[in-house]
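Labels for the chains are A, B, C, D and E, by order of writing; each one numbers its residues from 1.
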Amino acid sequence: MQIILLTSFGGAFATYLLAKISSRLRDVCAVIVSGLLVVFVALLYNKTPAATLIPSFVGAPLTVRLNMLSWFFAIAIVVVGFLSIVFSFSYIKGKERADFYYLMMLLVNAGMIGIVLSADLLTFYIFWEIMSWGAFLLISYNRGPALRAGMKYIVMSVIGSVVMLAGILSLYAVYETFVFSELAGRIASASPAYSLACASMLCIAFAIKNAVVPLHTWLPDAHSEAPAPFSAVLSGILIKMGTYGLILVLYLFVGVKLFISPTYVWRGFRFVLLVLASITILVPSFIAVMQNDAKKVLAWSSIAQAGYIILGITFGTTLGFAAGMFHFLNHATFKALLFFGIGAVEYRTKTRDLNSLGGLLKRMPITFIAVLVGTCGLIGIPLTNGFVSKWLLYKTLILEGSPFLAFIALIGTWGTILYGYKLLHHVFLGQLPEKYKNVRKAPASMQFVLIILSLAVVVLGILPGIPLKLINTIAVSMGMDSMNINIFGIASETGALNTVNILSVLAAAGIVVWIILKASKKSTRISQEDNYAAGAAIPAERYSYTVDFYNPLYRMIRRYLRDIFDEFYYWIAGRVQAFSDMVRRLYVGDVGCYAMYILLFLSALILSQVWWRVW
Amino acid sequence: MDRNKIGKWLKQPAKMANKYSLNAVYFCTGCGIIEIPPVITARWDAERFGIIPVATPRQGNLFMITGYVSLKTLRAIIRTYEQMPDPKYTVGFGSCPINGGMYWDSYNTIKHLDRYIPVDGWIAGCMPRPEAVFIGVTHLWTLIEKDMANGYLRYREHYDQYRGNQEKLLGKLDWPPLYATGIAQKEIAA
Amino acid sequence: MNEGLKEKLEKAFPHAAITSMRDTDYVVTADKESVLSLLAYVKDAGFDHLTLISCVDWIDEGEFELVYILSPYMKDNEQISGNEKINLILKTRIARGNPAFQTVTHIFENAEPYERELHELFGVHFEGHKRLIPLFLERAYDIPPFRKDFDTRRYVKEVFDNIPAIQDIKA
Amino acid sequence: MVATVAQCVLLPVLGIVIGLFFLGLYRKIMARLHWRYGPPLIQPVIDILRLFFQGGMSHGAVFDFGLVLSLAGAMAIILFIPFAQWCPLQGSGGMLVILYLMLLMPLGTALSGGEAANPNASIGISRKLILALGYEVPLLLILLSVMSYYSTISIVDIVRGQQASVWALFSWPLALPGIAYILILPAVLGVRPFDTTTAPQEISSGPLVEYGGKYLAFEHIIHALSLFLGISLFVNLFLGGAANPIVFFVKILVVFVACVCINAVFPRLRIEQAVSYLWKWPTAIAFLGLVVVSLVK
Amino acid sequence: MVNPVLLLAVPLGLAFLTPLLAFISDRIARYVPVAGMLFNCVVSVSLIPSVLNRPIIVQTGGFAPPFGINLVAGPLGITLAAVIALVGLAVSVYGLAYVKEGATVKYHVLYLLLLTGATGVVLTGDIFNLFVFYEILCISSYALVAYSGDKNGVEAAVKYLIQGSIGSGLALIGIAILYGVFGTLNMADIARNIGSTGILNTTLFIALAFMVAGFGVEAAVFPLNAWLPDAHSSAPAPISAILSGIAIKVGIYVVVRIVFTVFGAPSMFMLLVVIGVVTLLIGEMSAFSQNNIKRMLAYSSVGQVGLIVFALGMATTGGISGGLFQIISHALAKSLLFLATGYMIYRSGSMEISSLQGMGKRMPLTCCAFTIGAFSLVGLPPFAGFPGKFMIVRAAIAQQQHLFTFLIALVLFGTIIEACYFFRIVQAAYFTGPREEPDAGKQRREEAPLFALAPMLGLLVFIIALGVYPEPVIRLLDSCAAELLNRFDYIKGVLG
């Protein structure tokens, strides 16, 4: 267990030192480190070792342990980390300060692994902080607007960690212990108001990291300004640390039974979380539809998809929990896939603006296939993994009697379709503009990563049994009733899911149609110039419709898309700045009045004792 | 109208299908387009003959050149004709496409349309009435029946002559030639 | 046209002959030099819309006649009372040899396409015109087609008739 | 097992045949309403036959793949929606799979339309997706109210529930969603007032602008199938399905003719008008229906 | 077992030896402070184990405690002496390279005097002796602030002088009152006479008020710290490092010693807590919108002082050990920051933050030291600041009182603001400025000289060590807290 932490942290610093010698060595070392991590985590499949890192750090031991839940998260972290390192070989080759970049990538990865492995709140907090400021340095890596994004991120994450510290210590004040196993289930024994206060403090910190709607404003800037490999890790995994924390609080500390039971306190808490999650699904999806920058679209979509996960987890039933966890895995795969795809496009065409790209399908076919599979996963087309997790979510929402949440989530899916297709259409379909005529294919290392992730999306979609069995064991260990899972889906009386039927039906229909298409008269292949333009020749520069793609819709819902939270936070920052300027004017600068301050203080002290007997 | 003779359908489905489902490209060239709406709408319903106006040349196989063809319109006509899929038929309306009609001495209108694109049928009349259009259409059916409406094959076969005439008149055309010029297209589509 | 404008015009431009065709159209024939000043004068006298510039080819007199047709945008603007629309037709003669005239686009911007058309079809060159490029015609013509000495039949025989019909090589 | 395989093969063919018959009927009824004689009923079959012999022009692999995807999706859905008493794949997924498989059709056309690199196609696709979002809001409310009323997600249970008691359209709580569904049926089918996506006059038939020969034939088949699917879904959900195929065929025929007659007389709506109509009355009624159903539960 | 007096005697002797050595060659004079501090370090660290259970009492001049002047080397005293010696050593090594032009000999004399004053204050048990060493400390720091000789340096020194002298005047009055009432100057004796009732009659309270206000000036609590921003920002880098690293801590020690041991008035603790929070907020807020880097670091010192006073005011073992740990970590981190900015300003030419752009490329090691120092001040885990802040917050929340939760919320708000402006500097150093082409190789890296880098890296190692494994230091600080809290043991220990 300690080997994992040792290799991750040690590896990061080793890579940095080796980088001083030669960049080849740095890449090799980075790959070895991340590869080793994948192997180590895979080896610890369902073993549950525990160990203590430091016997007593400020009066409490730092301990780590591994159980099914943390293994599930750890494997996702390590795999996406490995892929992002492989992806960033060619992405970072030309850039400046590359060895700093690799150090930070491995450090953030190590921080996340530490979070997942930690067995008590103190270690959890320490690794959480390391991850936060590591991410800060990486977000502000490309200069210019990234600085503002980094600043916004670090302010909100510092607020989050401060609130979490207060929460942890208020828990410690009552229970005298940080260790999860001792805290499990006992959080309610204190007065309900106090336990609600502690739980909500922790949940606020996790909500900031998970970009739940009122606290989401840092995410769109951070994702679109961070370098592509890191924004894939950022949106695929780093957001899910908030989810891991939420699971800890809701399922471990509060305990599933209490969380679901209609006690007045916890029902209100759960209702608030559900409402916030559904708003997180709805509003960002439609803001994403209106974005013109590829990465901003993906950033807003990450917020929306994180909303699905929270909705699933806070719903509390086994299906809901399974939906949330499975959607975490799916989102990690297809969102990382989309970010890598867009990163490859950005690497080749040096631009992210959707309106100036187009027709890259002919020049970068593999990237197109990857982004297509990623978008299908995002939307939830039947043969991809997104569909299975959404199916689970909607089934439990409908059958447990809350159709309105299901309605909002489904409308969120339709928002996903709109911006998913917009992403695909603007970048890959349509006319290939003049300046991208000779764009080369994505380099080999990028394509390797894209292929692996698209395979993951499709295989998980067709055989959802593998992860679901894992999640079922976790759910049982959390104290929820199990569901009967076969390799192809859920077999249960109230509506089963069987992906092999869907696969075989679609495959058969597809083959039949393909045969008819090919059997009938051969069709001539024509280029993009030979196109219908009412008899005129195709205009050379721009013959495609990308600007204001959903303009009719935008005119109708523009009023609801204003990001009021962002403006509100900027207003507060302005107030604090003004107040601190006013405070600074206290030091007027001439000695006379400074001396006056001292004597005033003295007289106030004496008078308060003489007149009012204060002390 | 031998539309409901099952025997003929079975023997030569392609020819029968071509006859009874003509999609007309809704492309107005000259003064004749004002004649097309009455042909299509309620009084003289073209749909009973299986003729529907379609918006793009890709979907159509009947190309009605209604009225005189000016130099500018010829460029568009050639391009539209080349964009139509293969078994395609052209019908010239009125006298102007035949030999220039009353614009015989105008510097700006084409005199003989069939020197630039192949034309399968002509309908006389300085803008023929809808009944004349239907007579033309039935006549086209017989041409298709007798395999005489092979304008598209002639276009493929003598493409370099057609292309030569077009470029002699319009100067350099700004789209690539449809068929590779230089080698005469001997094989005729099966 | 109310009599006041007619007197004013005669006072301002003594050597311009003003006759009235119908009670709504007035023809002013003036020489080349005074056209610009007359147009300016008439414009702020209420005729603020240049409807058309056309050209007549007096081949036997060896001159082109440029015709500027003006009318007020609004029927009842203050300078020109009276209920119907009044048109003012300004005629001037330029030599036919190498016809040139100064542009009026700085007075009426909408004159630009009219002058391009005249340049293309009659060959009249307008100095000061920003972009005298061809407007309609596809092919280039040695003699501008609208001129009377342009023989259309000869042109048709020369251009259209020598385009060979499609021979069937097989036969 | 053999029965299901047979059903799996026959149902799509049956669907296509009925769909084409509907297309022919659609054009005949429109003609008769326009006081025209109208084409023979088998005109769509002739069109498709002629188009198959035409070959057509393709813009590349994705152009073909998009078409194949949407037709495969359409054919796959038929197996999930019960036709009378035959529903081969009722066990794997129920209503949610139908809902998500319905995404395949627009996605396939959007892919091939996008690859056709023509702005008309892109405008058509953006209109199609906006219109889909428009009618999806009330449709989801309706489906959710039906599902939560019968508290199941498998469509066969819904049909069985209706056959046991009264048809859903006339049962008290589900009348509201039924009415809402009727209001949005033309939008779901893409019939006249809501066919802004393939408006020949404005955007030269939208995504179909580059569909030549056999691609247009596939498009006709897809349109036919989507007509059949939309109506059979409505019949199954609200008119209680049917025990034997003939009764089922009569039901969908009646619904189709009613729908076409009402909508043949409307001019084409602009996309904003269509979506604002869909989000006003039908959504209000459907929302009320859902509230009523959740109160009743 | 070395006699603690040496801790004072050796630096004092060396201070006056340097002018003589200067005659031989002034280059040797530079190494004298280093030797002095090294000796102090070794002695104080060796004394720590023996002091843990029983403080060492040293009678000067053979008189028993209540009469003669004696040194009380308790665990608190020795640890602070060790910290002073350590920071002093680092800054003196830094001084080797930094102090080149001007009257270098005078600088070294005053520097040694300052450190002797500080060590003396920490170790003495006699109240008047405490005042004497306090005066030595203040006067040498006035002179050193004016050392750079430019206009605002002298002006700041004069301001510091005026306020400092007012403060020491008030403190002297307080001591005189005490002497007048009890007739003795020994702290333990006075404490015994005051008794442990805690209710003070008015004269005693007035004495306490005078002394708190007097010594508060040096401790830079809110109303009294107007001198600090000018003094620290215009003093040369090593001097401002020493001032904010040690001088303020000594001031706080004196106030705390008076309130806790001499008077033992529990009601004053609430005053300390409130003043601490107010100082923190004022300090952080005024640092927030600064763009002169040294002024910003000065204001952040004010903020950190507020945090320490707040922690010590809580008067629970957890709180006080947290406060002391924060003293150590702040001393290390803030002096590291001042040393780093010293050379950054020297290279970039101006104190504006905007001028620090692209420093990451030109001075990688210094900037890295600066970043780690900043992170530890903000309190991020692997560095020394985190255990300190953690203990303080834990102690505050453990009080389970609504007032304290509100106060801790304000403190955390202060740390958020602190994080903002520190991260802004880090961003400016690394991610702005000219974008150099990757293959430009090692061009114009004007790294700070070796003598400057060595102390910085030394402090760095200490910060990281404290951050990762703070356990031994925390045990030591618990015993110091115990010494402060139970006044009776102190009296018994000294008077026997």
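Criterion: a residue touches a chain if its C-beta (ideal position, glycine included) is under 8 Å from a C-beta of that chain, and two chains touch if they have at least 3 such contacts.
Just so we're clear, the structure is a prediction, and the values are computed from it rather than from any experiment.
Note down the smallest number of touching-chain steps it takes to go from chain A to chain C.
Between chain A and chain C, the shortest chain-hopping route counts 2.
Count of steps on the shortest touching-chain route from chain A to chain E?
1
Return the chains shared as contacts by chain B and chain D, ordered by label.
Chains in contact with chain B as well as chain D: A.
Which chain lies at the heart of the structure, taking centres as C-alpha averages?
That would be chain A.
Where's the contact count highest, between which chains?
Here the largest contact count links A-D.
Would you kindly tell me how far, in whole Å, the mean C-alpha position of chain B lies from that of chain A?
The answer is 59 Å.
Please tell me the distance, in whole Å, between the geometric centres of chain C and chain E computed from their C-alpha atoms.
95
If you average the CA atoms of chain B and of chain C, how many Å lie between those two points?
41
Specify, in ascending order, the residues of chain E that touch 2 or more different other chains.
Not one residue of chain E touches more than one other chain, so the list is empty.
Residues of chain A that contact two or more other chains, please.
Where chain A meets two or more other chains at a single residue, that happens at 530, 532, 534.
Please list all residues of chain D that touch 2 or more other chains.
53-57, 204, 209-210, 212-213
If two chains touch, include that pair; go through all of them.
Chain pairs that touch: A-B, A-D, A-E, B-C, B-D.
Enumerate the contact residues on chain D facing chain B in the complex.
My answer: residues 27, 31, 34-40, 43, 46-47, 49-50, 53-57, 200-201, 204-205, 208-213, 216.
Can you list the chain B residues touching chain C in their complex?
So the residues of chain B in touch with chain C come to 71-72, 75, 100, 104-108, 110-112, 114-115, 118, 154, 158, 161-162, 165, 168-171, 184.
Quick one: in the complex, what on chain D touches chain A?
Touch residues, chain D against chain A: 8, 12, 52-60, 62, 64, 67-69, 71-73, 75-76, 79, 89, 91-94, 96-97, 99-101, 103-104, 107, 110-111, 114-120, 122-123, 125-127, 129-130, 132-133, 136-137, 140-141, 144-145, 147-148, 151-154, 204, 209-210, 212-215, 218, 271-272, 275-276, 290, 293-294, 297.
Help me check something: in the complex, which residues belonging to chain A touch chain D?
The contact residues of chain A facing chain D are 359, 361-362, 368, 372, 376, 379-382, 387, 390-391, 394-395, 398-399, 401, 403-404, 406-407, 410-411, 414-415, 417-418, 421, 424-425, 428-431, 489, 494-502, 505-506, 508-510, 512-514, 517, 520-526, 528, 530-534, 543-546, 549-550, 552-553, 555-556.
Show which residues of chain A lie in contact with chain E when the two form their complex.
Interface residues on the chain A side: 54-59, 94-96, 98, 125-127, 129-130, 133, 136-137, 140-141, 143, 146-147, 150-151, 154-155, 158-159, 162-163, 165-166, 169-170, 172-173, 576-577, 579-581, 583-584, 586-587, 589, 591, 593-595, 597-602, 605-606, 609-610, 614-615.
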